[in-house]
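Below you'll find a set of structures to go through.
Common to both upcoming complexes is subunit A, partnered first by subunit B, then by subunit C.
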Partner chain A sequence: MMTWQRGREARNARIQAGARLAKGKVVDARDATRLMEAVVRPGDRVCLEGDNQKQADLLCAALLAVDPAKVHELHMVQSGVVLPEHLDLFDRGVAKKLDYAYSGPQSARIAKMLFGGKIELGAVHTYLELFARYFIDLTPNVALIAAVSADRDGNLYTGPNTEDTPTVVEATAFKNGVVIAQVNEVVDKVPRVDIPGDRVHFVVEADKPFFVEPLFTRDPAAITESQILTGMLAIKGIYAPYGVKRLNHGIGFNTAAIELLLPTFGEKLGLKGKVASHFALNPHPALIPAIESGWVEQIHCFGSEVGMDEYIRARSDVFFTGPDGSLRSNRAFCQTAGLYACDMFIGSTLQIDLQGNSSTVTTSRIAGFGGAPNMGSDARGRRHPSEPWLQAGREADPEGSTLLRRGRKLVVQIGETFGEKNVPLFVERLDALDLAERLNLELAPVMIYGDDVTHIVTEEGIANLLLCRDASEREQAIRGVAGYTDVGRGRDAKMVQHLRERGVIRRPEDIDINPLDADRGMLAARSIKDLVHWSGGLYAPPSRFRNW
Partner chain B sequence: MMTWQRGREARNARIQAGARLAKGKVVDARDATRLMEAVVRPGDRVCLEGDNQKQADLLCAALLAVDPAKVHELHMVQSGVVLPEHLDLFDRGVAKKLDYAYSGPQSARIAKMLFGGKIELGAVHTYLELFARYFIDLTPNVALIAAVSADRDGNLYTGPNTEDTPTVVEATAFKNGVVIAQVNEVVDKVPRVDIPGDRVHFVVEADKPFFVEPLFTRDPAAITESQILTGMLAIKGIYAPYGVKRLNHGIGFNTAAIELLLPTFGEKLGLKGKVASHFALNPHPALIPAIESGWVEQIHCFGSEVGMDEYIRARSDVFFTGPDGSLRSNRAFCQTAGLYACDMFIGSTLQIDLQGNSSTVTTSRIAGFGGAPNMGSDARGRRHPSEPWLQAGREADPEGSTLLRRGRKLVVQIGETFGEKNVPLFVERLDALDLAERLNLELAPVMIYGDDVTHIVTEEGIANLLLCRDASEREQAIRGVAGYTDVGRGRDAKMVQHLRERGVIRRPEDIDINPLDADRGMLAARSIKDLVHWSGGLYAPPSRFRNW
Partner chain C sequence: MEDLSFRHATRQRAAGTKKLAVIGVVASGNLEVLAERVLPDSECLVEIRTAAAGFGEVWDAVIADFVKGYSPGGLRFSINDGGARPDTVSLRLAQAARLMQEDDQ
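On to the complex of A and B.
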């Protein structure tokens, strides 16, 4: 006779084995590795919470210390491969297979380990896509998560960094998986319940707070005049004519420049209240002046940002906050918002090819996708109209039937023609293709595909790809803003001139911007200290950003 | 001086006003209308939980009974406009503006009210898209939700019908909104915590359980031989060659036929374990025989289905269930899974035009979108490969660069050439266009756009639109499976023959299916009673489906 409760029985057995080490649900940190050996089974799918911000670092170390004879061949299914220990798990033979989304600081080592066959790669995902698979075919058997505090029933308080936790826990706990949380402290009553205790099986009290990376802080002091120029072009040439209110910004210096130009350059253009009022965005410190100037109505956040806690708490009209006053972030909902409720995604990249495909991969680094491909793709399931979306759709297909013509998400790539270390942004062929060939991947790790990109902004101007009618126009529009890179110098000058006459390419002077005006004096804040000042002392930057 | 806690102060004032009617958080049902008058303000955005399944019917009635001099011009932002009272709110002047996703049973009246200017329409959305906007620009001030039980702290138990509740509550509670829950009973301790109490401000004990509609039950007795034939074609002609494991099924009889053919016809083809193993799906009773025959590994559900509770509880290896044993559904996550983790969406529709656009709208009915456009669109943000997805991509673009070629979601429309009451499925022009013109909409309510559709299946055969190289081939491929409808009779016989030779059109005999074999004897269950039998008596169909 078939049994249909095998998963439930297996979970009960795991919990029973772990309970020997616990008082109620609470396990001493010293017993964390024994807990892993008691609960985790060879071949398990394990989600180790580690996104691009907070890290379940204690549980990771505990898992790393298991006896590989007892716990081995794990299939890690996790947002971020960020800590060195995440990869040590594979070196030690504890883990075998990997499905993930992001690997910023480990991008070089992960590439090396993939080349060396040390890791069996499932796939590289976007966050939302990996979350989706948690409910279909990558459901974790064990989730190792991080929270600020827990009570003795296992109710968890995540504080501002809720991030992926509700999603991971829901997929695991309701499909017969075991949820283990590391917390900074066990308390009598949590300030708010981010995760109900009946979904949490074990709580480990860590001796130090979980690690959080300040990933979204850009020092205004490092913003260049060329970045300011691209920001001015974007505001006047894209935000204004489309009237983009609902949007997401990437994390680079170009979009930081835009954030700091809104209350100055944007204000002069009379755009306040007309653009950039509703964001799906982490709490970028660079947005403080725009918030304080009354530009921003509402921000929903993927995660939080180190140092922003008190500022957010004092600005509950703008941010989503809990009854305890602190931010409630949620990566799954914010990614969904970025996909379906935003009219624009704007961000920078490392390489753009002649079709407009872009990638942050180099031949020796696999940074993963994070959330950009999700937000930077046309959402074909979208059915609600908005003026920016409809206008982009009209530009793409002016002859189409009015009623059957869909709108288009604005997907903007912004950067200087030569990036860091003078490396050209534009290339004939993406490094991602070489990497895919070397790794025998089924498709190249393209961040944003050319057919989803609507605009490319450089200091040379704006290429509006929506107005291109074929592949060769598209190529020349890209070459036309590629400056003195090889790709730029390979342009067909006559065709580029023709595209400019049609408004496909717009130079700064075509929209009355004088590049000489792109001055650091335009920035609403020119240093981290200025941001602190704007915040009324509420923003508390991490020490590495303080030079006073 | 600017204040940044206006929302929080306003919420405190609302809660204080409501608290006068409450004992702790609990409000007597007789005071529900007074609670509305105390808490809801003119012009508020209000989410009245009402999706396609469960309904916060008591709170709806309470809102309807307010004094419109006190509460008026509400902006309703809700998944479903399903109960007559949802529209009465507009007739009474309590509500003014509407953003919604689905309006099945009210589709005729909603159209009439829109024609008459009784409702100011925001937009018609898919579920996930509306959820996304809850976090960006349609955040509710007040959420009126439904749960099975609450404790005195406001912790909620939703039972199997969790559905939209966590999403609605998260958007409202963390952005200074007020959450009011109707529950079937107030208890000392809830069986599991679906919504933590600190997100819930008031609890109203209803005198009868909230209304749930059995929307996903299809009586096998009503399945026709022609539907069986289309099901056989889909299984042998699409499921098998693409090897589709992760999928979503629509709610019509054609996909019910497929579900009942898997353990018979599918088994004979040796497909068990090779296709249809992982679903994003409501708990369709018609899937019971496939589950019992070991076809289905895992199902994540949008909502539940009346009568399936005990069956689900006894099959926790297949379904997501809580510590209490009952289903944990979640519409937001399941829609995300349908979008990003499924390789195929297959469903039926009312009208298909010559470009393959489809719609369930008629000139006098606006049924809304529900979830189909989200799941039935190519997910361009997807980055993980799978064999079905890659194969579809290759068929669409055989000449493309291997590494830069994306895969494609399989989006299959299935139906008979003549539907109910002998109305043709294929039309030259969708009724949706007339409706959009009459209502002055900015775009026609198209359910699935032709450029997202990959296959159309009728009793005449399968049209594989991926293999069409231009619009005229596409049109002839569609005409080629449109039978004796006007569209079908307008085919270019020579071109259709040519398309058949190329495998673009495949007739039943082309894949060795004899239409005479399409017999009701092929169905694993031929009645609701058979389904009960398959379930070992665990499935308890609602009385309207019982004739014994």
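On to the complex of A and C.
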């Protein structure tokens, strides 16, 4: 007989098997591994909540401890491969296949395991892309998620780091999957309901809070003069002329410098209220002085940042907060905001080639993509106009019909020409290509494609790629800001001079910036302690950033 | 360690009367520059002691651009380099040249 309810029946069977270990929905932490063995089936697609920041570490340990004879060959579909245990699952044979987005701290080991054939790679995604696939062809059978607290009905409070949870739960719970949450505590009433209880099947109380990584804290004390110079160039040479109000910043030191220059250098240029007022951004501590100086109207966040909770709570005019007062973040919505509602992305990278393609992959590290390719790409589905978007479109296609010409998102790559250990930012050929060949990938892991990049900023100047009319102009514009790297020294000096006359390349002096003014005294805060002062004592930096 | 030395003819003497200036620090990724007004007005000498070997060509290019941009005639620069990036080298040299332009008190 034809049946259309097999998925539901299978879920009911899994829940029944797990229910033997539960009191209501609550399962004792000591039984977490037995719960996994009861609920997870060989070959299942499993989302083990590994976000950019928060980690379902207890459930990860529980899954790692299963008997591989009972649970094996899992297909992991998770945005962040962050904990060593995430990869231990593959070493033990519990998991076999991986689809992911970001692997920051595990980037070296994941590369090794891919080369060694320990992991069968599906694909490396951007966050939004992986989330999209949760609803089409990578829907999890089981989701193992993390929250701050739960009540006995399974209602979850995720706290400021909501991040991916609503998306993961939506895809799993409404397509016959099982949702298991680890929580820091089980309470009678949660402060706010981030995930309704009828989407959560089991709750495990952890003996310690889930792990969260402070990823967005940049110590102003470590910002160099060259980074300050690139920040000044970006503010005066890009933010100001385009009037960029809606934007996303990367997490590097160059953009931290920009955040700390807004209330000083930006103020002197009279830009307050005219630029950098609406952000899709994690709560960067470096943005505190700009917020306190009245620059920022609102910020929607992908996740939170360790130490920023009380500050955010006290600045609800700026941040999105719940009825309990704490931050509500949501990675899927914030990525969508970054894609469709921001006029600029500005961030750093590790390698840029002669076409402007960039990558953070090196031959021994696969860091994944995270959100940058989504932030740093032109949204072809965008239809609402804005002045920066239209202006960029005009520069790219001055002859085009006004009413039919697409605008362009400003996608800015910013960095010093040489990185750590004097490794050049500019290369003839991306290491990502070698990696793709060695792993037989069909696609090299390119972070931002050259045709999406509109500007490159280095200490040598700004290259406006929108104004380049062919591939050779583009190459020389890139060489022209590549400083003393081999790529930079390989420039055609005459052509670079010509591009400078046309305003394609602008040197600091072309926009009245003296590199000798790029002094640390320009920064609104010169230390983490200064940031604490700016916040009125509300920002509580993690101990590793304290030296007082 | 590697020792490098670059001698250039200059268009004009460095402005100011200051005899000596020091800027920067010897630290990883940074450098210390000592500038002295001890040469004939049409000459400039840059002597480098660096922790990072094999960057001779880059130093050559950085210093040639510096001499072209600032014409520091009469100055000898002694650099103690802790593996600084070229942009930091350019900046420190420019800072040293600016200090030398001040009048000696």
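Annotations for the structure displayed:
As a convention for this text, the second predicted complex is superposed on the first by the 548 of 548 C-alpha atoms of A that agree within 3 Å, B and C clash if a C-alpha of one lies under 4 Å from a C-alpha of the other, contacts with A are read in each partner's own complex, and residues count from 1 in each chain.
The rule we apply is simple: a residue touches a chain if its C-beta (ideal position, glycine included) is under 8 Å from a C-beta of that chain, and two chains touch if they have at least 3 such contacts.
What you see is a predicted model, and the numbers here were worked out from it, not measured in a lab.
In the superposed model, A:42 lies in contact with neither subunit B nor subunit C. When the two complexes are overlaid on their common chain A, residue A:489 makes contact with subunit C while staying clear of subunit B. By the touch criterion stated above, A:334 is placed in contact with subunit B alone, subunit C being left untouched. In the superposition on chain A, contact of A:398 is made with neither subunit B nor subunit C.
In the superposition on chain A, A:317 makes contact with subunit B only, not with subunit C. In the overlay built on the shared chain, the residue A:241 is in contact with neither subunit B nor subunit C. More residues of subunit A are in touch with B than with the other of subunit B and subunit C. Contacts of A:224 after superposition: subunit C is touched, whereas subunit B is not reached.
Looking at the shared chain after the overlay, A:422 reaches subunit C, while subunit B stays out of its contact range. Counting contacts by the rule stated earlier, no residue of subunit A appears in both its interface with subunit B and its interface with subunit C. Interface of subunit A with subunit C (complex): residues 224-226, 416-418, 420-422, 459-460, 483-484, 489, 515-516, 518. Subunit C meets subunit A in the complex at residues 29, 52, 55, 57-58, 61-62, 83, 85-88, 90-91, 94-95, 98.
Only residues 2-8, 99, 122-126, 128-129, 131-133, 135-137, 139, 155, 167, 170-171, 173-176, 192-194, 196-199, 245-246, 278-280, 294, 298, 300, 314-318, 320-323, 328, 330, 332-334, 336-337, 339-342, 355, 357, 369, 373-385, 390, 402-407, 433, 436-437, 441-446, 449, 452 of subunit B touch subunit A when the two sit together in their complex.
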